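In this document, chain identifiers A, B and C correspond to the written order of the chains, with residue numbering beginning at 1 in each.
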Amino acid sequence: MKLTKRLFVLAMVALMVFGAFACTAAPATTEPAAEGDSTAAAPATEEPKAIEKVVYAYATFNNIPTEETLATVEEAINAITRDKIGVEVELKPIVIWDYSSTVSLALQGGEKIDVFQSLGDLSTAISTDMCLDITDIVDTCAPEAKALIGENWLAACTSGGKLYGFPTYKPIALTQMVIYRQDIVDALGIDMSTVNSVADVTAVLEQVKAAYPDMTPVAAVNQGNLGLSPQNVDYLTDSMYAPKGVLMGDELTVVDYFASPEFATICNLARDWYNKDLVMKDAATTSSTAAELMASGNYFCYIASYSYPEADTAASLEAQCGGFDLGAKTIGSAFLDTSSINALTWMVASTSDAPEAALKFLNLTFTDPEITNLIIYGLKDRDYVLSDDGFMSYPEGQDATTVPYTSQLSCGTLGNFFIMYPMAGTNVESLAWELEQNQSAKTSVAMGFTFDNSAVKTEYTAVANVIEQYLFGLVCGSVDPATEIPVFLERLADAGMGAIIAEKQTQLDAWAAGK
Amino acid sequence: MYLREREGYIPLRSRIRAKAPAPRKNLRPEGRLSMTKKKKKQQRASSAPLLLIAAPGILYLLINNYIPMFGVFLAFKDFNYRKGIFGSAWCGLDNFKFLFKTHDAWVMTRNTLLYNFAFIIIGTIAAIFVAVLMYELGQRSRVKFFQSIMLLPNLLSWVVIGFIVYAFLNADTGFINNTVLKALNIEPISWYSTTKPWPFILIVTFLWKYVGVNSIIYMASISGIDKGIFEAAQLDGATKMQQIFRITLPMLKPTIIILTLMSIGRIFYSDFGLFYQVPQNSGRLFEVTQTIDTYVYHGLMELKNIGMSAAAALYQSVVGFLLVLGANALVRKVDRENALF
Amino acid sequence: MKKQFRDDGTRFRLGSTIILSVLAFLILLPVILVVISSVTDENALISAGYTYFPKKLSLDSYYYMIKQSEMILRAYGVTITVTCLGTIISVLITTMLAYPMSRPNFRYRNVLAFFVFFTMLFNGGIVASYIMWSRVFQIKDTIWALIVPNYLVTAFNVFLVRNYYVTSVPISIIESAQIDGASELTIFFKIMMPLAIPSVATISLFTGLIYWNDWINGLYYLTDAKLYGIQNLLIRIMNNIQFLKVSSNVALLGTMNVDLPGTSVRMAMAVIGILPIVIIYPFVQKHFIKGVVLGAVKG
């Protein structure tokens, strides 16, 4: 009996080890080429030089198309890329909310993905060796993209002097605005030009509340967010909704944002609004978004940051917000830090077996309008129609959910935004304005610095939890800042905020010295 | 076959009076499977065909569960994509630190344990209660009707259930605040900011989703009880309640034990959807709604550290494993054949 | 003189009917709310909240879903196929594994029990499983990707069936069959399997529900939209919406002009997710109840 048990355990262990080796020994084969079937015609012909295959993984918000439909788009792209750069592309659209996990899983599992992007986690991708160092091959394979993006922005995607990817080239400079009901403003004769900061908004809200007691003046942008963000803060690689050590002002000194007077001011303002019934009570837990709330007609305005000029923003939001007449007023100014630029960075996978081909294709997504529009909109006349002056719209009677292929909503995450066909109803001049904003917005003194959090992983998770617990209530005014902020700060200290700040300062100083 | 002819028969009355069927020494208490040593020797020989029958299942578990266990190594590694699972550097117990170091770690552990205890105890009682009631309904159509209704909640995903709870509890337009409390003239309560009622809310939601499904297990077990015992009891004058408490419940003991043991093994796991979606991820409620799974999720959303998530999973497994070994050993001492192994 | 009091349980039955009715009503209430919300006008939903008596009704949500009906019907087909196929195979293998474990004279019963139980506790993680199934077995983008990983044999079901065999099937049956000269295989297929009907019915239900509700396998193993099951499809759509409601994600992408399906549509999606079961289940249940309630073994 004992012997049997021993043999059994031995067998188990042997199996585990065997299994482990079997799984890794198998070379990184590609999946049975699903696209190979439909593009069978092309490879069958004689080709003088080998065509390299590149798998391009991009995030999509629309429905995932079937393999056959995808193959048609791939074929259209390949017709161009085969001649231009000797590459055949396999498109891999992945749902946005699972994008990072899917790419991570695929790469861990040894699947072929050559080009993918970061969603706010470039520093993690670099520190875990997920992306390739392209410093050496960028000049030969992607000089056009490099020139387009420019040294300044590319600095945001470097670490230790090495370049790791290209940031999505699109309007990044976001300006804080208040989006309000134009019809109510007109009815009450309010002059919105006097509103130049968040504090100025209060007066307007009170006026509206007095005139329409049943209406709640301020709607939340989404859960836990009233749009009250501070100006000119560099978040040093963290999300602006969970900052753990920031730069405020022009000094290279890392401070705790939550201990700053600016934060206290914002919380007090929110609390003030809450007490005066100027803001929705359950902003901290709502499951609705600003558009939904505005569409219901019970709210007057909301505060958020947009990249388009005022008039455009208002016009483009009207449809989503229930068709009401909307206006927009800028109350802040744009500020760019490293993470605003590198939030969406396109990288070549470190495990790629065709890095140069991958980089060449990536270059095309930044410079070739045909390819970009194929990826975004699909096939002309089947998935979209183009008007004479170059505006895109869906074919008669169809929309984003019924056409065979569309990835229209990825326009903000893919390659070069400015070479995509504009959708019908957008203002072309604003594109120029946005481009100019990109260049002229105030930038942080620490532009180009990314923080590697491996040394403080434990503190990071602990602090993240504390922030999740306290932040929403504070910035939505549902708790009293006077009592809560001290508790919050204490819990942060207990969770290790100090250690994170110290580590950031060390890395920042080293980076500054290295410049 | 009459009761009286069965081996080791005990007169009916004493069976009813006894709190539970007395453990009979001559009859192996594993239900009614009993045998003598001689028979044992004869039947041991037939292991091979039995193994053959079990083979597909064994093979599947090997492939699906055992071989992939090498993934456990990730918990001890500092994962690097270029080097892969086997090339990445070992980092000892570093990845486990975040599970212990802070105040929150203690809170999440306490919550997970307490909720699971509550679920096991209350869930079992509720499921048995419903099962007994449904079984006694007799008429097939009624059973069909009630059972279909009870299964409906299980078909809804936690995201949807989160919306439903929100529909009842949200401060501005929730059903409770708007309709119920208004009618009773009570001030509206900000449910998502008050921690006190949430253990209750979460337990009720849990029961709502699972009592129908769980009661089915018990119904199947009850249906396996020999009808003859009930008839005899009835003949001897036992009331329905007596029959339930003296016959049905004790006969359910093996099932209860097995299910409880299995639940103990999962005691460090929590139903993520329940604790994340239903409280709408409201930070103010974390003290009572944070469990290990949600803590790991929050912590690793930003970090996306593969080693740390693997470490958390391993932590949950090991604790559950140790607890179940302990519980199983206990059960073996008291009631040997009902232990899991 | 002994009073022949026969409590045939009528009072009890009455009591239980009442209690169960109340319970059923309470359980049903939230589900009804979901259905009503799915036909409530979106704006009314936001301004007045969820209510049983909405101010304004509208079928807009269903129109929105009908536009995608081709996708939805295909998804139904996939899910139904997967559920049926998966349940049958699963029940077969599970019973085959559970039966030997229940035989008290089987030399390896405790070893097997431990072997099975261990899988409930320890898990190599998704990556290892993924490597196993997609690289070694190449089931990606096939219907088997929805059936085979994780759910085909679960320790829970195995123990349920084993437990049933142990408590409700007397060994005398096996003994008499052996005396008659039947082989182990015959005993199992001809006698023991049919005897386990209540248990089989139970695990069929559980497994069926699990397959119906599953969306995770589809998420990891499918890239071809053709093979998406209904829950997978709905969760994708819903999570897309959820994703854009989290501030940090919106900040990431710059606020976009996205016309998100509203709350009412999400409720409609939930209804669509449970509709087939609600329709089909009453027919399936006939056999199920017969098995569970009336199936019993006599000595």
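Rule of thumb we're sticking to: a residue touches a chain if its C-beta (ideal position, glycine included) is under 8 Å from a C-beta of that chain, and two chains touch if they have at least 3 such contacts.
A quick note: this is a predicted structure, and the numbers were derived from the prediction, not measured.
**Student:** If you average the Cα atoms of each chain, whose average lands nearest the overall Cα average?
**Tutor:** Per-chain C-alpha centroids ranked by distance to the global centroid put C first.
**Student:** Relative to chain C, which chain has the most distant C-alpha mean position?
**Tutor:** A
**Student:** Between B-C and A-C, which chain pair is linked by more C-beta pairs in contact?
**Tutor:** B-C
**Student:** Please work out the Cα centroid separation of chain A and chain B, and write it as a whole number of Å.
**Tutor:** 40
**Student:** State, to the nearest whole Å, the distance from the C-alpha centre of chain B to the C-alpha centre of chain C.
**Tutor:** Going by mean C-alpha positions, chain B sits 16 Å from chain C.
**Student:** Measuring from the mean C-alpha position of chain A to the mean C-alpha position of chain C, what distance in angstrom results?
**Tutor:** Here chain A and chain C have centroids separated by 36 Å.
**Student:** Among the residues of chain B, which ones contact at least 2 other chains?
**Tutor:** 66-70, 85, 163, 166, 170, 172, 306
**Student:** Which residues does chain C have that touch at least 2 chains other than itself?
**Tutor:** 47, 108, 126-128, 131-132, 239, 242, 263 - these are the residues of chain C that touch more than one other chain.
**Student:** What residues in chain A touch two or more of the other chains?
**Tutor:** Answer for chain A, listing residues that touch two or more other chains: 19, 23, 108, 110, 223-224, 239, 242, 287.
**Student:** Mind pulling up the chain A residues that touch chain C in the complex?
**Tutor:** Against chain C, the touching part of chain A is residues 4-5, 8, 19, 22-23, 26, 29, 31-32, 34, 61, 63-67, 92, 95-98, 102, 105, 108-111, 119-120, 170-172, 174, 221-225, 239-242, 287-289, 291-293, 295-298, 304-307, 316-317, 319-320, 322, 343-344, 399, 401-402, 409, 412-413.
**Student:** Would you tell me which residues of chain C are touching chain A in their complex?
**Tutor:** Where chain C meets chain A, its residues are 42-43, 46-47, 64, 67-68, 71, 108, 111, 126-128, 130-132, 134-136, 138, 140-141, 219-220, 223-226, 228, 236-237, 239-240, 242-260, 262-263.
**Student:** Which part of chain B faces chain C closely enough to touch in the complex?
**Tutor:** My answer: residues 1, 6, 28, 30-35, 39-40, 43-44, 46-47, 49-58, 60-61, 63-72, 74, 85, 130, 132-138, 140, 142-157, 159-161, 163-164, 166-168, 170, 172-175, 178-179, 208, 212-213, 216-217, 219-221, 223-228, 234-235, 237-241, 251, 254-255, 258, 262, 265-266, 306, 309-310, 313, 317, 320-321, 324, 337, 340-341.
**Student:** What residues on chain C touch chain B, complex-wise?
**Tutor:** It is residues 2-9, 11-13, 16-17, 19-21, 23-24, 27-28, 30-31, 33-34, 37, 47-52, 93-94, 96-101, 103-108, 110, 112-129, 131-132, 137, 148-150, 152-153, 155-156, 158-160, 163-164, 166-171, 175, 178, 183-185, 188, 198-199, 201-202, 205-206, 209, 212-213, 231, 235, 238-239, 242, 263, 266-267, 270, 273-274, 277-278, 281-282, 285-286, 289-290, 292-299 of chain C that touch chain B.
**Student:** List the residues on chain B that touch chain A in their complex, please.
**Tutor:** 62, 66-70, 78-86, 94-95, 97-98, 101-105, 162-163, 166, 170-172, 190, 192-193, 280-284, 286, 290, 295, 298-306, 308
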